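Okay, so chain A shows up in both of these, paired with chain B first and chain C after.
This part shows the complex of A and B:
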């Protein structure tokens, strides 16, 4: 099991935002964590990545509790831009090379070319979409065991979405797993092996994507719209 | 790993400071050159203006040093860039130690640049001899050499800086554990820590003076040789305790985890 989340709970000033969430991700699977804005998707991802403390419950990545070892195994794309704007892409690559043993610089440079980005370009002079592309390149150039992508398609135009989806899929190895959150379900549902639908701090539906489609005779997007109103 | 972290921390902290350093030293040099011809009235006036600019630049160096240290600390640990910092496969203790050591290096550099700028503007044989005479008078009654006295004083100031950095970092970490008004709560925590540590120092000093039977000197305007040495040693011990104590508080709280925005 690559990721195990057991009875996870989190509150902010007595407001419960995650209430007893449990799920597992097996090796080689792409799992969609779906939910409305504010349903708690990002909070779960932040707890997995040690950006939020856990009130109760447990998170295990390849059997390890959250710490240095799990961070070396997870490649995380947050929903916001975390890069230092004063740096060039090349300098950001240097930084990743310094800290992540699994960062493949050649792959990163290749991906950058495919996305038509200049390695010497300064981040301060880039648009939001370009920065998101750079972050996708950084995340997918690591040979991680678990990729966690938080709204990778949010805030970008349809053409860039296609580029991003292509980059994600073509660089995802069968040995790895992926947890992806989005509210643009139609754009990602074709790549999902499993789905977890979260609403009002709780999981309301989870299962194999193909089986759910077959059982309900609807797309995941339609199932989601029916459940989450 | 700490070396790699420090490389990036120092780059961030020095990025703006380097320009202010160059500005302060350049202004000091220009002031010095103008002062060569200060017998001419117009040059004397320009010299005063440039001297004022140099002192402002020195002030700017010191203020910006603390601004940059806090900016990098808060930015890396609690703002957007924290998404990268906290997901690096590095122990939290190393992240904190790197910030601490980088801050010390930056402060030492800023103090050196400030002294260098002052030296360039003010140095004269008469001034140097005046300071030396003043120091000789100051240490005359205390059975110490000027070098020994200065070394002790620099060491105490250095410890005090370490203590202030630890206190500031602990305050920010405590403030940022809250869900709202984090910076304000951090600032209030810092003020509270500072007041408590000052009161603690005052009480310890009073107790030590009382035990040694010199409580009268504690309230007097002049000190005997023994009392002066006692204060220096106490300063060394207490600032060491504050530096280590507040660092441990920072470390313990930071290790428990953060809640980034």
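This part shows the complex of A and C:
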């Protein structure tokens, strides 16, 4: 098991935002964590990445509790950019190379070419879609065990979405696993093995994407709209 | 990503139908090697596990076979291909008649229209 989340709970002051969430991700699977804004998706991801503490419950990544070891195994794309706007792509690559032992610079440079980006371009001069591509390149160029992508398609146009999805798919090895959150369900659902739908701090539905389609004769997008109101 | 899926139907079933079609219309000939799972995953823009599942089913019905370490190939058994072709034709015709009957046409009406074409 690459990721195990057991009876996770989290409150901010008095407000409970995650109320007993449990799920598992097996090796080689791409799992979609789906929920409305404010449903707790990002909070779960932050706890897996040790950016927020857990109130109760347990998270294991490849059998390890959250800490330095698990951070090295996870490649995380946060919802908001953390990159320094004054740097060029090449400088950001240098930084990643220093910081992550599993960063494959050759791969990153090749992906950059495929996405038609100039390695000497400065981030400050890039559009939102271009920056999103740079971040995907960074995240997918690490040889991680678990990739966690928080809204990888947020705010980019449909053609850039296609490029990003292609990059994700063609660089995902079956030794790894992936957890993706998105509200653009229709765009992402065909790459998902499994879906977890959360609403009001709890999991309301989870299962294999194709089996859910078969059972409900509906797309994941429609199933989501029906149960999350 | 060059394939439009209908998200209401399991994607692996749609891939099965698409590959069957390619075998029936001879885009893939008997004994042809199929692209790898990775290539197909990229072509269809879907998860590799979904491709695996589709290929497994095609293998179960005998339309393709695996050669260890070498990849997957279209069967050389023409009877199986003919059987699948016939099934596909029957399915399409059944669906067509269903739709026509829903429109209130009788079998005879439908035959008359077809003959006029």
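Basically, the second predicted complex is superposed on the first by the 229 of 229 C-alpha atoms of A that agree within 3 Å, B and C clash if a C-alpha of one lies under 4 Å from a C-alpha of the other, contacts with A are read in each partner's own complex, and residues count from 1 in each chain.
Assume a contact is a pair of C-beta atoms (placed from the backbone, for glycine too) under 8 Å apart; a residue touches a chain by one contact, two chains touch by 3 or more.
This structure is a prediction, so every number in the text was calculated from the model and none was measured.
Asker: Of the partners chain B and chain C, which touch A:130 in the superposed model: first, second, both, neither?
Answerer: It touches nothing on chain B or chain C.
Asker: Check whether A:51 is in contact with chain B, with chain C, with both or with neither, and answer first, second, both or neither.
Answerer: Only chain B is touched by A:51; chain C is not.
Asker: Could you look at A:205 and tell me whether it touches chain B, chain C, both or neither (first, second, both, neither)?
Answerer: The answer is neither, since A:205 touches no partner chain.
Asker: So, A:186: does it touch chain B (first), chain C (second), both, or neither?
Answerer: In the superposed model, A:186 contacts chain C only, not chain B.
Asker: Pick one for A:83: touches chain B only (first), chain C only (second), both, or neither.
Answerer: After superposing on A, A:83 lies in contact with chain B but is clear of chain C.
Asker: Counting only touches as set out at the top, which of chain B and chain C does A:71 meet: first, second, both, neither?
Answerer: So A:71 only meets chain B here.
Asker: So, does A:220 touch the first partner chain B, the second partner chain C, both, or neither?
Answerer: second
Asker: Which partner does A:95 reach: the first (chain B), the second (chain C), both, or neither?
Answerer: Once the two structures are laid over each other on A, A:95 reaches chain B alone.
Asker: Let me check the overlay on chain A: which residues of chain A are in contact with chain B and also with chain C?
Answerer: Comparing the two interfaces on chain A, one with chain B and one with chain C, no residues are shared.
Asker: Okay, in this complex, where on chain A does chain B touch?
Answerer: Chain A reaches chain B through residues 12-13, 46, 49-54, 68-69, 71-72, 74, 76, 78, 80-84, 86, 95, 98-100.
Asker: Within the complex, which stretch of chain C touches chain A?
Answerer: Interface residues on the chain C side: 1, 5, 7-13, 38, 41-42, 45-50, 53.
Asker: If we count contacts the way the header does, which residues on chain A are in touch with chain C in the complex?
Answerer: 28-30, 162, 165-166, 169-170, 172, 174, 186, 189-193, 209-211, 213-214, 217-222
Asker: Would you pull the chain B residues touching chain A in the complex into a rising list?
Answerer: Those residues of chain B that touch chain A are 4, 8, 12, 15, 80-84, 86-91, 179, 256-260.
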